[in-house]
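These are the structures in question, set out in turn.
In the two complexes below, subunit A is the common chain; its partner is subunit B in one and subunit C in the other.
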Partner chain A sequence: MADANGSLAIRPMDQFVVRPLFGGETVGMFTITNVTLWMALTVLAVTAVMVLGARGRALVPTRGQSVAELAYGFIYKMIEDVTGRDGLRFFPYIMTIFMFVFFANILGLIPWAFTTTSHFAVTAVLALSVFISVTVLGFVLNGAAFLRLFWVDSAPLALRPILAVIEIISYFVRPVSHSIRLAGAMMAGHAVAKVFAGFAAALGVAFVVPVLAVTALYALELLVAVIQAYVFTILTCVYLKDALHPHH
Partner chain B sequence: MATNTNDAVGMPQLDFSTFPNQIFWLVVTLVVIYLILSRVALPRIGSILAERSGTITADIDAAETYKRQASEAEAAYNKALEDARAQAHKIVEEMRADIQADLDVAIQKADAEIAARTAESERRIAEIRDSANEAVEEVARDTAREILALFGVKAEDKAIDDSVSTRVKGGAA
Partner chain C sequence: METLALADMGRYIGVGLTAIGMGGAAIGVGNIAGNFLSGALRNPAAAPGQTAMLFIGIAFAEALGIFSFLVALLLMFAV
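Entry: the complex of A and B
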């Protein structure tokens, strides 16, 4: 696709490159990069919505406060519904995950933005921290009884060992699917949008067609950004439920 | 084809050299968001929601109280109305009984007076009748005497009187 002079170059993956903000070629552990910038913006967005929005503490909420209350109530209700009331003590952690993923996804849709959640490094750390926390929590709360999660009592006895193997495999696949689902959805959408945008630049007068396609795709991506944040959070709740109540 | 850091080589997601950087900033970000949410945002929003639900509950309770008070007041009003009606009815009945009693006394008195007057009248009528009878008898006696004198018949006054009175009484009888 890329030619020498770059005019027809469609480089859908360039947007995902991690690069230092203030010069230099190497990306060290503490280098301030575009990752730093967009994560900082995510923090600002979360603060704006959750702290500034609710600063009035109004009994009858303003618009900003309604949004903060809506986000609070949405996740609170989700935890309550999925894990039961005893899952609510993990509310701040799950809220952190949801807020981060949600705003990272949404901010990534701004043109020229860097989408932090399109990187496996980020989603894998999130998914692994959920996986490790939930597994440790399961053993701490239930002891060895946590292993009954893999022993399906309702199945015929002969099938149980086979099912146990399947359950264990599926348990360990969880962080993989959990992280790749999010990063894959983000990366694919942004790459496709970039490809269409590249067509628009290359097609001349017929640019209308890819622009319309990008517009439609953008709406879809907005939906995907929200849904993936929702899916990531609700899966976290589902895994948490297994740790709290390992019996089928 | 990639000559500088702005060009992607394959998938930048699989460029492991950037992993420490991303993971470091991710952890920093998550810790900051967690601290902001758990220290400031969530307690604040939670207290707003609790306060609101408390206010709503209190308002609903107050509304219940007012409603109960209103229905109590209505019951009291109805009872007062009922009592007033009963009282009025009683007063009317007493009035009616009093008037009836007065009326009865008056009627009795009137009846007695009428009876007395009737008796008096009858007595006087009888007197008049008696005196009339006497006058008739006397006129008859005198007439009889005059007639007998004219005819030259000598008769005992006493005999004439007896005969006339017998005749008058018999005629009257």
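Entry: the complex of A and C
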């Protein structure tokens, strides 16, 4: 189990390698990779739950329909609570983000699956699209008054320029923290699970201990997957609130 | 060759040091969760309405721990 350097042969980061599916070595712009496959599966899973599940439109919902209705009601209430009623115009976008991130996280937990949201490139696109659309929306809805977001009226006048600088920095850091939070949580959890699984292979008879640890970790990862999807969505709502109501 | 190894050593020590940032984020998240729980036990009726605030607070506290992770990544792969 030990390699040439005498360390354990555990490669926790190998699971995140992007590989072409149909032979070849280079990954170009339009190469079909394992990321493409698992993103397509994510979209299929969302479609299965939301479109096929709710197709019956029964008055007394079936099991599939009540899952779709629960997800719908959950996001609807979240937007209503965080952004207010005028945020409900953007319900389809936020619902799409939540369902995509949620299913990508959950599908990534299947053994041998590829976690698409563990890559910064994927989450950065999601976060940047939120950042750009919120900024554009803020200027379109409020005009130059959107800049009052950085001018904290409740602070003493002498402090406001300093606070404005801090607010502007924190505004532009948003897409960074928004994307890295999700990707980092997903990547770290999967890497830890892989390290513990490697211990099980190395320990021989005592493999029971790491296997139990991995089982507990897996339950924790399930929780993290759901919470990170929730946090990603609720932060989208918080940023959207700033665009709709830039006054503190 | 010697200086290169020394630079690598400094880099790896730096990456290890960024793990301290995780402790700061842990203190912040624990503080928020603990205060939420103590507040919720005093006024359980008001607690369900504030869970969204709990998660937003946790997310913001966690962001600063994530920046230390970012520094680690930059040291490992970008510097």
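Assume the second predicted complex is superposed on the first by the 241 of 248 C-alpha atoms of A that agree within 3 Å, B and C clash if a C-alpha of one lies under 4 Å from a C-alpha of the other, contacts with A are read in each partner's own complex, and residues count from 1 in each chain.
Here is the rule we go by: contacts are C-beta pairs under 8 Å (C-beta built on N, C-alpha and C of every residue); 3 or more make two chains touch, one makes a residue touch a chain.
Keep in mind it's a predicted model, so treat the numbers as computed, not measured.
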| query | In the superposed model on subunit A, is it clash or fit for subunit B and subunit C? | reply | fit
| Touching A:181, do we find subunit B (first), subunit C (second), both, or neither? | second
| field | Residue contacts on subunit A - larger count, subunit B or subunit C | value | B
| query | Which partner does A:231 reach: the first (subunit B), the second (subunit C), both, or neither? | reply | second
| said: A:160 in the overlay: touching subunit B, subunit C, both, or neither? Say first, second, both or neither. | reply: neither
| Touching A:118, do we find subunit B (first), subunit C (second), both, or neither? | first
| message | Contacts for A:245 in the overlay, against subunit B (first) and subunit C (second): which applies, first, second, both or neither? | response | neither
| said: With both complexes overlaid on chain A, does A:17 touch subunit B (first), subunit C (second), both or neither? | reply: first
| task | For the combined overlay, can you note the least CA distance between subunit B and subunit C, rounded to whole Å? | result | 7
| Can you list the residues on subunit A that touch subunit B in the complex? | 2, 11, 13-14, 16-20, 25, 27-31, 33, 35-36, 39-40, 42-43, 46-47, 50-51, 54-55, 57-59, 61, 65, 68-69, 72-73, 91-93, 95-96, 99-100, 116, 118-122, 125-126, 183, 187
| note | Listed in rising order, subunit A residues that touch subunit C in their complex are 78, 81-82, 176-177, 180-181, 184, 227, 230-231, 234-235, 238
| List of subunit B residues in touch with subunit A within their complex | 1, 5-8, 10-15, 17-30, 32-34, 36-38, 40-42, 44-49, 51-52, 55
| remark: The residues of subunit C that touch subunit A in their complex are 52, 55-56, 58-59, 62-63, 66-67, 69-70
